[in-house]
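Here it is, the structure, as structure tokens.
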Amino acid sequence: MSKRYAKDYTLREMMIVAAARELKNGDKVLVGIGIPQLAAILAQRTHAPNLNIIYESGIFGSRPARLPLSIGDPTIVSGSAGVFSFFETFAYLLQRGYIDVGFIGAAQIDKYGNINTTVIGDYSKPKVRLPGSGGACAISSFAKKVIVITPHEKRRFVEKLDFLTSPGFLKGGGSREKIGLHGGGPSVVISTLGILRFDPKTGEMYLDSYHPGVTIDQVKEATSWDLKISPNAKETEPPTEEEIRILREEIDPMGIFLKK
Amino acid sequence: MEIEDKIMSAKEAIKKFVSDGNLVCFGGFTHAIPFALGHEIIRQRKRNLTVSKETPDLIVDQLIAAGCVEKVIFSWAGNPGVGLLHAFRRAVEKGIPHPIEIEEYTHFTLGARYFAGAAGIPFVPIIPSVLGSDLPKYNKNLKTIKCPFTGKLLCAIPALNPDVAIIHAQRADKEGNVQMWGIIGSNKEIAMASKKVIVSVEEIVDSEVIRRDPNRTIIPAFKVDAIIEEPWGAHPSYTQGYYDRDNEFYLEYDKLTRTVEGMEKFLNEWVYGVENRKEYLKKLGVERILKLLPKTYSSIPVDYGYYG
Amino acid sequence: MEIEDKIMSAKEAIKKFVSDGNLVCFGGFTHAIPFALGHEIIRQRKRNLTVSKETPDLIVDQLIAAGCVEKVIFSWAGNPGVGLLHAFRRAVEKGIPHPIEIEEYTHFTLGARYFAGAAGIPFVPIIPSVLGSDLPKYNKNLKTIKCPFTGKLLCAIPALNPDVAIIHAQRADKEGNVQMWGIIGSNKEIAMASKKVIVSVEEIVDSEVIRRDPNRTIIPAFKVDAIIEEPWGAHPSYTQGYYDRDNEFYLEYDKLTRTVEGMEKFLNEWVYGVENRKEYLKKLGVERILKLLPKTYSSIPVDYGYYG
Amino acid sequence: MSKRYAKDYTLREMMIVAAARELKNGDKVLVGIGIPQLAAILAQRTHAPNLNIIYESGIFGSRPARLPLSIGDPTIVSGSAGVFSFFETFAYLLQRGYIDVGFIGAAQIDKYGNINTTVIGDYSKPKVRLPGSGGACAISSFAKKVIVITPHEKRRFVEKLDFLTSPGFLKGGGSREKIGLHGGGPSVVISTLGILRFDPKTGEMYLDSYHPGVTIDQVKEATSWDLKISPNAKETEPPTEEEIRILREEIDPMGIFLKK
């Protein structure tokens, strides 16, 4: 059966589908609300039926009766397989190395995949004070693989972060390993323009694919530094009709997140 | 010595156990945030508090707006699933209503402070997650240490032992044994770490209810100083099995409190304008309350056995 | 990938996951000692094991007598409520059946090793309790460290990460989510610390039973490699709500195993002489089994709420 | 109402009653099986109704339906107020400093209240290998007050321990505080011959009272070092009729521990 690609889909749906495809069956995935959660559920309903979804609030094996509105939504608890305490979640799951994939967002990201979600401007006299790390720093440090979801804008893809909240490859070239972080670091950035990955040697980000309708030049223009482009850079594989159907009809029929 | 009476009103408990200048630690992680107790702190106009909570949520935002707070210890200061905390931002960015000090952590490192506090050790080492970040530049409590076994660099996190822990849970008996289900967060650790512990519960139940399921107890009676029977004491957050999160409330709060005036209006209406949680609930109204009631989904009893 | 089938017999599980020379950690603290799994290790004549258990109890005593053990990691090696462990004593005092190495801790310091192993940190500091004792002279894993905050002397305890954890509990679903009530001991920590986890349970229950009470889960399915439905798998210790401790058995064992011959007799009768736990129970007999059954004393259901 | 002392009682009962009198109402007491448990229950039923009994296995608020045979007996769980894990019991209760009184036994004890329960003879080539510390070392280190229960024999009350399992006042004169133990150390030794306490300055043990029928000389003879005697040393206050009645009729009617 050849794949039938969807013709009608949103950028948000493209990003969800791309994220879902990064997840492998059996993975233990720490998800947040929004795109990560939708991607994980989509993966479960397509190629990864035994994906383990774990919420930062310590819940594993959730079977939510509705689409959860926060990582602490009561619907993720009722009918779940178990609950860890806050400290256990970070120590016994993340630090111990049991999380295969973690998702994080970014207010700013640099070429080594380091991320700022703390502050725009000076830390002591901020222009915009953002929420801060929450679980992101631990996820970036300890998950075997980190997926970054972010809008692609010049003010976000910056030469220098205003504040480093969550470590990517730090200054590249093994500087991450040097401080002793056992997690694999950022594996992929799914932006509103394309999919970016990291050179395993230098730790530097490169464009792997651009979303349908986007040009390489557009991506370069939306990035503050001179972004490397893979010699094999191609168009991102679009969502299939089936993926879009599952998303719209099964996962988010009310359009709570899809229409955001 | 008689069994001391730990059952009291929120008003009595806050009056008795929270003093100006205290380090007050709030429990709850999205689930079971002690709003009723927090509002009582605002009404009693406590001042110069240091408030600790991983996710300050709307309650610490309100404490800041009301001028109770000198310093916030936190790890993620947002409106969960909604956006930012406007009073927190105004205080940090513009010093409104007055400048506040912040002491910032990651979830893991603040959880580690609570753990070390509960365990009675001066610090706990962690794999140096946070050392890759810029936080240690601004937070001198994130130190480095060498592992005496592996020689590897670790991050050392000092214990936190608050003056008062403020917690909401499903139920307790009148001796003060507290039981909870759903997301537990750091409630056990902050109770064991703190000098005084105030707990509001949905229900005070017969001792027999607690004792038929001892594994559900998260805080032993001897660590609890005050028990307040405060149904819906966690609204607009939720109590698992009792009511749902009032997401509309969180969204309305977000809109309303973008201005100082809106924030004032909120406090006057929902905090200063009511005497206690009962009046708050009257104001909330029957319709809204009914909308938040979940259907039943109960556990199946387990047998502990009678060994006589 | 299909859901891998984790349900197997004790024989299969031990064959598949326990190898000669492994560091095997036994769960259970007076409650829920995994005797059935331990006996299977003896029957399969595993050799050169390092066995870790706070209270080695009769099961490690038997493993020693059967020649499976090269080294014991422990903190209290007695027959609880009865006296001493004779095979353990013979091995340590006289090298019978062969000399064994011991690595000795206090309860707290061994529990701390399990905790650090579960938490994924190389060591955990404790207030220097054990530094006043003579243990550090013989156990080089008890090091000293200075607190980077207070400058005070602390004792540093390294993580323990066993090859295999052997645990008994009340129930699990077929995916491997394990639930337990009563005394939990270190079962959660050793499961999270170990590379492989084998769990025998009184009952494999429907997934719905587990999921109606997620707070009772102590080990998540992803950490469990084998689930064995083994009713009475903890006899002569007990499983809360299922059967009582067989105190007579502990007393008889104490008398019988004071001699090497008595110990041989015990092993031939209760371990080698039976194929599996079912045969062991036939040998135990209906009368003894009935005597150990407790009356019912059940928990009261709690409501998690249906949030649809 | 004047006290009516019992005329018919055993030495064991004398020791239980003496231990019970050391417990204050409201104390959180970590008990073991045997004399400590009986003493704690007796105290609850006489002068300390709100005594908190905690078992080393993590159980608090027990209401046992029968007399427990071990610290892990299922009867201490059913109907109790709560259960801590093993690590929590030692870290959150003991190390954190919440235990007011702990009981320990002794195979050997020296004049500073240091205790051996590990080995008789050389550690590496023991004459008798005993169980070891278990919880005793943590109890001795962290409980505000430690009560030692032991037979009084010359081979037990020794000049020099074969092995120091649980710290008393170490070498005396503040050497205990020097290593940073926050517990109060041994408060009293209830032996088969008398009640011994410790000089708050030197940390050295002295005889405070001798049980009825015992002479000071007997106590001195059963002690390897030159035991100090309080100038106010007197006869131990015997059990009252009521205490004996409660012990025999209510607490241990089968004589499981009383007749041992």
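All chains are identified by letter, namely A, B, C and D, in their written order; residue positions are counted from 1 within each chain.
The rule we apply is simple: a contact is a pair of C-beta atoms (placed from the backbone, for glycine too) under 8 Å apart; a residue touches a chain by one contact, two chains touch by 3 or more.
Small disclaimer: the values here were computed from a predicted structure and weren't measured.
Peer 1: Counting one step per pair of touching chains, how far is chain C from chain B at the shortest?
Peer 2: The distance in steps between these two chains is 1.
Peer 1: Chain A to chain D: how many Å between their CA centres?
Peer 2: 58
Peer 1: Once you find the CA centre of chain A and the CA centre of chain B, what distance in Å lies between them?
Peer 2: 29
Peer 1: Approximately how many whole Å separate the CA-defined centres of chain B and chain D?
Peer 2: Chain B and chain D have C-alpha centres separated by 40 Å.
Peer 1: Can you list the residues of chain A that touch 2 or more other chains?
Peer 2: In chain A, the residues touching two or more other chains are 59, 73-74, 77-79, 83, 91, 95.
Peer 1: Hunt down the residues of chain B that sit against at least two other chains at once, touch-wise.
Peer 2: 120-121, 126-127, 152, 154, 181-182, 184, 188, 212, 215, 240-241, 244, 294, 297, 304-308
Peer 1: Is the way these chains touch best called a line, a ring, a star, complete, or other?
Peer 2: If you draw each chain as a dot and join those that touch, the picture is no line, ring, star or complete graph.
Peer 1: Can you name every chain pair that touches?
Peer 2: Contact pairs between chains: A-B, A-C, B-C, B-D, C-D.
Peer 1: Over in the complex, which chain D residues touch chain B? Could you list them?
Peer 2: Going through chain D, the ones touching chain B are 25-26, 28, 50, 52, 59-61, 63-66, 73-75, 77-84, 91-92, 95-98.
Peer 1: Where on chain C does chain D make contact in their complex?
Peer 2: Residues 29-31, 54-55, 74-78, 80-81, 84-85, 88-89, 92-93, 104-108, 111-112, 114-115, 126-135, 137-138, 152-154, 181-186, 188-189, 238, 240-241, 244-245, 247, 294, 297 of chain C touch chain D in their complex.
Peer 1: Along chain C, where are the residues that touch chain B in the complex?
Peer 2: Residue positions touching the partner: 120-127, 141, 143-145, 147-150, 152, 154, 156, 158, 170, 181-182, 184, 209, 212-213, 215-216, 240-242, 244, 294-308.
Peer 1: In their shared complex, at which residues does chain A touch chain B?
Peer 2: Touching chain B: residues 33, 56-59, 69-74, 77-79, 83, 85-87, 90-91, 94-95, 118, 123-124, 126-138, 140-142, 163-167, 170, 176, 179-182 of chain A.
Peer 1: What residues on chain C touch chain A, complex-wise?
Peer 2: Touch list, chain C to chain A: 1, 3, 118-121, 173, 175, 177, 188, 192, 210-212, 214-215, 217, 220-223, 304-308.
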